[in-house]
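By written order: A, B, C, D, E and F. Residues from 1 in each chain.
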Amino acid sequence: MTEFKPITPQQQPKFAGIKTFMRLPHSQTIQGIDFVVAGVPWDGATSYRTGQRLGPDAIRKISVTLRPYNLALDVDIFEHCSGIDYGDLPVIAGYIEDTYAKIEAELCPLVEAGIIPVLMGGDHSITLPELRAVAKTHGPVALIHFDSHTDTNDQYFGKPYYHGSPFRRAVEEDILLAENSIQIGMRGSVYSKAAYADSTALGFKVITMSALREVGPRKLMEIVRKRVGPHKVFVTFDIDVVDPAFAPGTGTPEVGGFTSAEAVDLVRGLRGLNFVGFDVVEVLPDKDPAEITALLAANIVYEFLSLIALNKKSKKNV
Amino acid sequence: MTEFKPITPQQQPKFAGIKTFMRLPHSQTIQGIDFVVAGVPWDGATSYRTGQRLGPDAIRKISVTLRPYNLALDVDIFEHCSGIDYGDLPVIAGYIEDTYAKIEAELCPLVEAGIIPVLMGGDHSITLPELRAVAKTHGPVALIHFDSHTDTNDQYFGKPYYHGSPFRRAVEEDILLAENSIQIGMRGSVYSKAAYADSTALGFKVITMSALREVGPRKLMEIVRKRVGPHKVFVTFDIDVVDPAFAPGTGTPEVGGFTSAEAVDLVRGLRGLNFVGFDVVEVLPDKDPAEITALLAANIVYEFLSLIALNKKSKKNV
Amino acid sequence: MTEFKPITPQQQPKFAGIKTFMRLPHSQTIQGIDFVVAGVPWDGATSYRTGQRLGPDAIRKISVTLRPYNLALDVDIFEHCSGIDYGDLPVIAGYIEDTYAKIEAELCPLVEAGIIPVLMGGDHSITLPELRAVAKTHGPVALIHFDSHTDTNDQYFGKPYYHGSPFRRAVEEDILLAENSIQIGMRGSVYSKAAYADSTALGFKVITMSALREVGPRKLMEIVRKRVGPHKVFVTFDIDVVDPAFAPGTGTPEVGGFTSAEAVDLVRGLRGLNFVGFDVVEVLPDKDPAEITALLAANIVYEFLSLIALNKKSKKNV
Amino acid sequence: MTEFKPITPQQQPKFAGIKTFMRLPHSQTIQGIDFVVAGVPWDGATSYRTGQRLGPDAIRKISVTLRPYNLALDVDIFEHCSGIDYGDLPVIAGYIEDTYAKIEAELCPLVEAGIIPVLMGGDHSITLPELRAVAKTHGPVALIHFDSHTDTNDQYFGKPYYHGSPFRRAVEEDILLAENSIQIGMRGSVYSKAAYADSTALGFKVITMSALREVGPRKLMEIVRKRVGPHKVFVTFDIDVVDPAFAPGTGTPEVGGFTSAEAVDLVRGLRGLNFVGFDVVEVLPDKDPAEITALLAANIVYEFLSLIALNKKSKKNV
Amino acid sequence: MTEFKPITPQQQPKFAGIKTFMRLPHSQTIQGIDFVVAGVPWDGATSYRTGQRLGPDAIRKISVTLRPYNLALDVDIFEHCSGIDYGDLPVIAGYIEDTYAKIEAELCPLVEAGIIPVLMGGDHSITLPELRAVAKTHGPVALIHFDSHTDTNDQYFGKPYYHGSPFRRAVEEDILLAENSIQIGMRGSVYSKAAYADSTALGFKVITMSALREVGPRKLMEIVRKRVGPHKVFVTFDIDVVDPAFAPGTGTPEVGGFTSAEAVDLVRGLRGLNFVGFDVVEVLPDKDPAEITALLAANIVYEFLSLIALNKKSKKNV
Amino acid sequence: MTEFKPITPQQQPKFAGIKTFMRLPHSQTIQGIDFVVAGVPWDGATSYRTGQRLGPDAIRKISVTLRPYNLALDVDIFEHCSGIDYGDLPVIAGYIEDTYAKIEAELCPLVEAGIIPVLMGGDHSITLPELRAVAKTHGPVALIHFDSHTDTNDQYFGKPYYHGSPFRRAVEEDILLAENSIQIGMRGSVYSKAAYADSTALGFKVITMSALREVGPRKLMEIVRKRVGPHKVFVTFDIDVVDPAFAPGTGTPEVGGFTSAEAVDLVRGLRGLNFVGFDVVEVLPDKDPAEITALLAANIVYEFLSLIALNKKSKKNV
């Protein structure tokens, strides 16, 4: 297990060396691995800006500043887990449906082997094939979805797949437990008064940013836990749920979002759920001149890994 | 009326097409129009940075992400209003007084026709000719002024007009009802203990950021409503009232300002007042690498349009 | 005809107003029009960077600095031609084949009406549907192709269409006269000694940058003219044929390219050929912080328009 | 004294002239001076990014927007103090120990003359020689340390000095009163559960960001005052204690930090302590495209100067 | 004289210290001074971009890398000359005519004292008051004008002064010897076939870039020398004469210009003429992310200083 | 051998995956390896800007666009060679002499094993320990040095080592054959007429840029070959030898340098010499917003690898 943990800054300065996530070994082994971090360099299905395919690169570059102990969650990730940077999943520019097939095919053996995938997008359309892969092993799962948009639109110029529709498709494909799923952080201008009716009609619970401001983070977490229950859960985190001041590097920013501290706290608030997969999406390096969006995304991934480790730690202690 | 509303993303993707504000028709018609959005590309009168003349461009570019329904205010702008992107008002670089005359002359027929002008600066000196045009039809009006500076200085190297003096001039010209006007958000280092005495001597009420932090936004809105009363009101929003983290792209930033959420909420809080004009000023694209300042300014304009629509909606319902 | 020409800086300062190409009228009329300038905001088929969908925007923004008289070619574009900014052609993100169909469908009526399309990409994959539209009216045409790559690869992860294959496909589809076509400016590292054999096997003549440096621009133009002969010709200009110092904003830059002066001169050297269409592609604003790539691309479009005008002028003089 | 105060914007526009801190006279006199502002352009000892040597430059450039009256502290700096921009202290790139000697040697006569040094880094390793110079005149002093890291590591690749160890070294050298010192704002991922044990073992009190969020700023200030007592105190402010949204331009940012308003308030909260020196460090202009980090750092220096002036004002009033 | 020369890098590292041009003393003395370098921070009269007011700042910042010996001209500037950084000349934003009066008034005593002014703009409109000041002492002078535009337009929205008209005005005011003056480097699209007829009608000789490419630099210098003859000469260098690849940071770039080597060589080619003043204008830092435009402008100023020194050296040797 | 060659774009898209140089395997094996590419992330010894420690990262990121066949040199690198990305060599920030020892110690076993090191800086001070390592196995070697500066200064604030002195030190240490070494490309302002006398006194031949422009590249290569003779040779390429337009991202740029095409041609011109090591230095990503400097540096490394492969190919053919 010792080989599947980060290089320390006592071994090599942080600024030096090949950049993998958190300086984990780059490998595609699945032996003795608890989680893989992998990129999904796809930005072919966005409705405004592109460039998210280089998101994984940017997250890896800045992730070298992360350290293994999470004080808030009281866990050393690599005391309990071994993990790797798996590299990037395969995609075919211009062909979203073929890309979906490739992503799913690459993830399936990992999920089947009991490994938890932690994915870095890429635009939000990639969560659909991720969920397909997860569902193949685990059956339909609950979804915790942080975002400023619900991404439950129907069609885009007559086509079913783009970054605005993955969660509608997932419900239709019966790979989500909509009644155990929740969408958090919605805000911004919308197309009609019934903006979130689509989501609720599909079965999702929607907590808008203004609702959230009223209930507060503590109560929100109770709502989430009650909603998800004991079900297996996939967490998807669209970086645009965070305010553009804290996450400028994204494709469809909306003013009035979370701070970085709130974002991290919300993820920490999920501790103990029955996680089967995670992603953070929509990081766009070209609009991130100071790399603060990538840094935040790296921290979100770090909190995901901490949640995984915490679950393993808890099991041991039982 | 159908032609004077935005192109939808079902008609054309957001990233495509000529960039007008919110993808409204570009026109200079005044028939059947409730509001015009127009740029005022003037940056000749600033005391620090320049480049604000390209502010309208930047706001238009990012405004394509806006959608017509404002949930917080419960109004679909284009259900109640028709509006256009009027283009930019005329200016003459290097000649502020002639520029003032041109801006006023261009606005007068619009205001006279009952159209509400919603203007995008440009530096803050442009608000003076805007107020002149408004006053020509409406007489002196109340002012709600969001800013980190009062802009009531007297002279600048012996000259009366620059972006630090418009509101002193406006009072002197009897086009403002100072006793019904309010300045909100002042902060930062000043020249003397009597920093805001100039403004209060002119008749303005000044709510500094530290005062505001104490009274809170709800109480603030009561103060504003009481102050303005039933009078016709012009709203001027200097983007530097927002913190530089949320609005880096401006000429004279001051630390310690509003968040984007607070900024939007304050504008929404003005609902129901008797509006005759609006502007958002001091957007400086060259210091806005991720376009977040322009995005916020576009949202402020959007809230202005929503306020106009809400007033129309209310009238119908009466 | 008078309405289909640019606004002058005596009418409105260059920095003011809605940004269309060269401040031409934005219209989709086809009556009395000689050329249309249109954007093709597609970047879904690139092998490295994305973001080219915002290329047309960037070119339009800086094109306001262009003036109507081309001294080198001795022609006033709008004395002989009327033209419009048609806006952007339709695309569907994620679906290259459907996008191809939409581009072709939109262009066909224009080409049929005798209008010369001048297109702004977008990645280079868009030239294939453009050629299809052109061929539908004109039959197979000669191609003059400026680029640092031949773009005659075969497949990309098993798929026929991406920005590296349009000219192979075009030959296979019989919409190009390969034996009258020429590719100019190839350079950079390649996959094998037979790097350009694919192109020559398809029938193209390839003039690498090093060959060009030997023959010189004057002789090159003779070769081009001889090659093209009297045939109808489409000119495609990948901005990466220019050196990255002069055109940093592109997706797959190659060191050792043309200067901006050389690029403009080469286009001017084509005067008098029988043009039926043009494009300039692969402008990527996110890597163009000083807008010099967009400026050069705007100038290339300008030279295209001058070539069109020169042909009309010549016809009149006959 | 009149010569050692800033140029006013009535004398020269803010954008004009040679850039010294706050447009103070550039001088190396020590006659009749209360404080010097000086740069320490050293970035040779960082564990991640470099470029902090140009921090003083960037702070000076934007500091021209500051004005002499601090309303929150009710003090006009130059009514009570005279001060200069001393320029930059000497350093030798590549040789940290010699650089330490030079910084100390340059500062000693200033401190001895009763002048309060206010220093602009540079990386955090520079605080050690500053403390040495201060201690030579004043003996060991209390430290108030704002930072997201404790900087009390031991060695870096076998070497004692780098930007992660200055405060451990200072305690070992008996130039700090650790039992009267406090570290505020620590956060982020760490190496082990005992992350802050090093600091507390050295005698420091550590207030992490999460602890601070619980006690609140008012209570924090009580803790600080009790801790420091009547002792002479040096304040060191690492700009990375602020959230990356408000201070992107730094070498080792950590998400979840202070806002700019909180940062300024905390410094103001120190009023009345027995200050003998200050610094603000780790400003990195290359990651500060909109200059907001430099602006905040300039404001922190401004608050430092205000604290000095307030102490002088208080003494007079006694 | 020893005090009026640059700090050496042996005295202080280049990256350290207050930034004056070439690290010259900042002073407004005129005793014993051969030249002054001064900024003219005015950008109020431009037809496209603004921000040139911060040009002098940017040139000073990068000029610290210059060294005193010019090998190509075989002269050590400070062996023969003493000079200072005079700071910036006064301007009034928004009021071009008052600004003109202030610039002229500030320069007159310098010119009268026999000092050669070397000015850093600012937009090109500033050359008119500079010429007025020069002419007051020297009478009408010859002009050597490097630019991509002739700047001899007449009016701009009915006004006589802006950055497109200074040389028409100068001829009309009889402060230029048009018949001994020359304009070099014109290129780009124009408004009509008679584009340069305005200039030649005023008496200027115009050497377009394409003419220059034909005659070559050596022959050009003969033409210049013949044209200027023994007359006193002012050299004005608009940085946009250089290609945007080499000078992206400017307001109205034109493709197809000089390289940096050509620009420097042309200035060197002027050696021995009877210089009475110089400027370099239109440097716009906001479009100069890597500071290469400012670096080139600093080198142009450096060549100007070398020409001054060479003249002094020659006189001594006579 | 098959494993030590790049991933192809048919295996994985260029934009995907962990970034090693040219997508070579990341390994520290020395079995069966002809060359290693390694970074030297040291920027502690610069006289102006820092940030070069992230140069290797930037070069790796963009190097993914390189392809294995070099047409100009007619060689497929990986047909003849196997090579790896070795990662980065060890350094200790703040301690140049210890860093030198570490670099040398890490390189020695590689050189001893007959592997050719190809190094990516980092500032130019790193070439000294590289030469020490090379000399330990090979004895003193000839040097071909491309640069705009000679880097043969003596001391920097009393210290022997910094990026301006490595080649003086190397001669003093008898690890260079100065009489077989050559420095190419020197230009820019200097400290005295005897600017290059230091270098020639040490035994180097200096070809300034102006000398080079006269002799031309072909003759230059003859001079180089004659100078180097049959001796083992180390090639060091400071990216600042290239003009800032083509290589803006560097620490001490000088106007008037090579184009990218010239730079590549000069390296190609060295074919057949007896190479024992290479480096490219002074790439500074923070001043390289469009990544063109990194792209050029990657191409220079690529040409180095081609030269190695060509030598191996030639040997086989003998």
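Note that a residue touches a chain if its C-beta (ideal position, glycine included) is under 8 Å from a C-beta of that chain, and two chains touch if they have at least 3 such contacts.
The structure displayed is predicted, hence computed values, not measured ones.
Shared contact partners of subunit A and subunit F, listed by label, are C, D.
Chain centre most remote from that of subunit C: D (centre = mean of CA atoms). Shared numbers divided by all numbers used gives the overlap of an interface; between subunit A and subunit C this overlap exceeds half, so the copies present the same residues.
Averaging C-alpha coordinates per chain places the centre of subunit A 38 Å away from that of subunit B.
Averaged Cα coordinates give subunit B a centre that lies 56 Å from the centre of subunit F.
Counting partners per residue, subunit E has 13, 15, 47, 49, 53-54, 90, 93, 157, 243, 245-246, 287, 289 as the residues that reach two or more other chains. Annotation, chain-chain contacts: A-B, A-C, A-D, A-F, B-C, B-D, B-E, C-E, C-F, D-E, D-F, E-F (touch as defined at the top).
Contact residues of subunit D toward subunit B in the complex are 8-10, 13-15, 64-72, 74, 76, 243, 245-246, 259-261, 263-264, 289-292, 295-296, 299, 302. On subunit C, the positions that touch subunit A within their shared complex are 43-47, 49-51, 53-54, 90, 92-96, 98, 125, 156-159, 161-162, 286-287. The touching residues of subunit F, when paired with subunit A in their complex, are 12-13, 15-20, 26, 39, 41, 53-54, 57, 60-61, 85, 87-88, 90-91, 93. Interface residues of subunit A, counted against subunit B in their complex, comprise 47-49, 157, 188-193, 195, 208, 210, 243-246, 248-249, 252-253, 255-257, 287-289.
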